[in-house]
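Think of it as A, B and C in the order they're written, each chain with its own count starting at 1.
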């Protein structure tokens, strides 16, 4: 059996993922149905763009935390992790099979959520304006970065989609690294999911009180340049189109760093 | 040659393995010792999942931790606790292991089916592992250890959960393949190694106390193993003072087998020593009733 | 049995750090407001359960008390436990009792700390206002009821699915959702209303007492909904335990 197929097969056995998918789908539909109103004009692509920045990234975070936190601990829980380390390809090759799984899962999660919203909106409204210019929609959202005026809706959506896949993969790698260091999936969910949620809550409730203080400044940086900011695309708010290279660095440097740390940690944890 | 040089595994004040030094060449080695003697720890060091506190293990002159993938390519290991992925079938699981061992998928298909036949699981190869009994799971474990035709085979209690016919079958398999392999197996069932082992390693409290062929170990006990019959009351009075191997109770009398360097009683008769006697001689027998 | 299970809860590594962190944050917040001469210092004192206290309670229930019901399977002693005389229904009920006692002690501990703070920083008049007009006790009772119900609910789910991660996902997500779905624009008895108030966090936040727009009918419907949840989960749990021969 191909290693990658075996990893996918193991992954599909996790019941937690299905529960999280049902929950996130239900919540997404609930929140999007609040937008849809017969009394107000509906901009199809604007709402498609807005979805991820306002709500979608929480769903991405939940699904990634639940899914990725089970990948490595599963071997510990079945008691087979030590035996795997004695196989010729039980270290590096197996690790890369798992990283491949993480990448595929990130793509599937983002695609799935966009598909749910797309199907929901298209069942209520006509899909038009793919080739219309973005500025025609009077566009303002977290994703509105400067100088975007020459893009069409379709081009901008594609850009957002690719960005979300890369950002999700980066977050998933962070989760994977934590799961190598921590052996229990519940603890990983608590650390990573809790950190994400706490930063969201701090931003919503506490930053109002502390924004002018040093603590507030640090928390604000942590939020905007951490994974909360990356997934909600907050980094792009003041970015100019000719500063796209900064975005590339912001996205890919953590990925490279995380892959290196993961490779080192995974092989090192063999001898303990 | 697998060389173990002064290997020590220390946890705070406790020595799980203490300055073990020996050489292993082709053949079957039995690792014998009581619970907590350090057998599993030593095996985990030999398969390079545990780094020793001191000392090193070399294969053909090179340290196994440096050999890395090349060492694991020639290694087959069955741990004491083995479960497998419960939702995989036996065939799927072995094919998965085959891909991890770097075996080409076409070759793997044939090998997996061959090994399942060898361990007697051909009829249930499409059945999920969660439906397997303990003995069946153990046989899957043995099959996965043999997949890559390893030159070094380390088996930690391979016969646990196997019935007598399966144990005999395993002994046959190991004897057959041992010509060009180093096979190390640990067990509590002395008869598992009595007939197949070229050498027996006795390990007590982390230390290697003996490494000899079974015949040599048995020869050392010649004239020290006795049997006799005594009545129950005498037996109960003298039990504490005897190095007891076995006691069979028969209608108010007890037939005992003991180890003693001098004649324990005028009615005692010497008998041929067995490996079980070696075990009791070195490790004692706890509470034979 | 009770003592040993309580010991498992108390010696959990998460308990002490979370209690200390919460107390430190709360003391710091209140003293900061007191120093800055906040006019609403009294109302702010009662807002402990709004976010900080309720999140801590939720965290302890989800990560500490719920683990009690999944530990046997994780430690692979489940079969041994089930073959003992009292290892089935009796043990399950005892563990629910242990978990609820533990959480009630935590609630009372936090309430005592609130009282200590108010004694320290408020004058006599303010203290009386806090206790009588603003009714610290009513709020505490509401929180206690919510905590009790949520503890039982998570215990039933965990015992039904025999999985701590699954319980965490189901209960944790719904519990957390109530912090995100807020606002006066939510229509009564709508799905959003149920998601905001329907998973016990509404009680644990002490909002039943502080909500100005809640009426008797709403309370009645919420009480009915909570009963349906608990009884429904209990029936499912009983059915699954009977199937697994754990009764």
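The working rule: contacts are C-beta pairs under 8 Å (C-beta built on N, C-alpha and C of every residue); 3 or more make two chains touch, one makes a residue touch a chain.
Every value quoted in this text rests on a predicted model; they were computed, and no experiment measured them.
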(Q) Please identify the chain with the largest separation between its CA centroid and the CA centroid of chain B. (A) C
Q. By C-alpha centroids, what is the most central chain here?
A. A
Q: List the centre-to-centre spacing of chain B and chain C in whole Å, with centres computed as mean CA coordinates.
A: 52
Q | Centre distance in Å when chain A and chain B are each reduced to the mean of their C-alpha atoms | A | 49
Q. Approximately how many whole Å separate the CA-defined centres of chain A and chain C?
A. 30
(Q) Two-or-more-chain contact residues of chain C, please, as numbers and ranges. (A) none
Q: Using the touch definition up top, name the residues of chain B that touch chain A in the complex.
A: 44, 47-51, 65, 69, 72-73, 75, 77, 79, 81-88, 92, 95-102, 105, 144, 148
Q. Where on chain A does chain B make contact in their complex?
A. 1-3, 6, 9-10, 13, 78-80, 82-94, 270-272
Q: Name, in rising order, each residue of chain C that touches chain A in their complex.
A: 51, 55, 59, 63, 67, 163-166, 168-170, 172-173, 176-177, 179-180, 191-192, 195
Q | List of chain A residues in touch with chain C within their complex | A | 15-16, 19-20, 23, 27, 30, 34, 58, 62, 66, 70, 185-186, 189-190, 193-194, 197, 201, 205
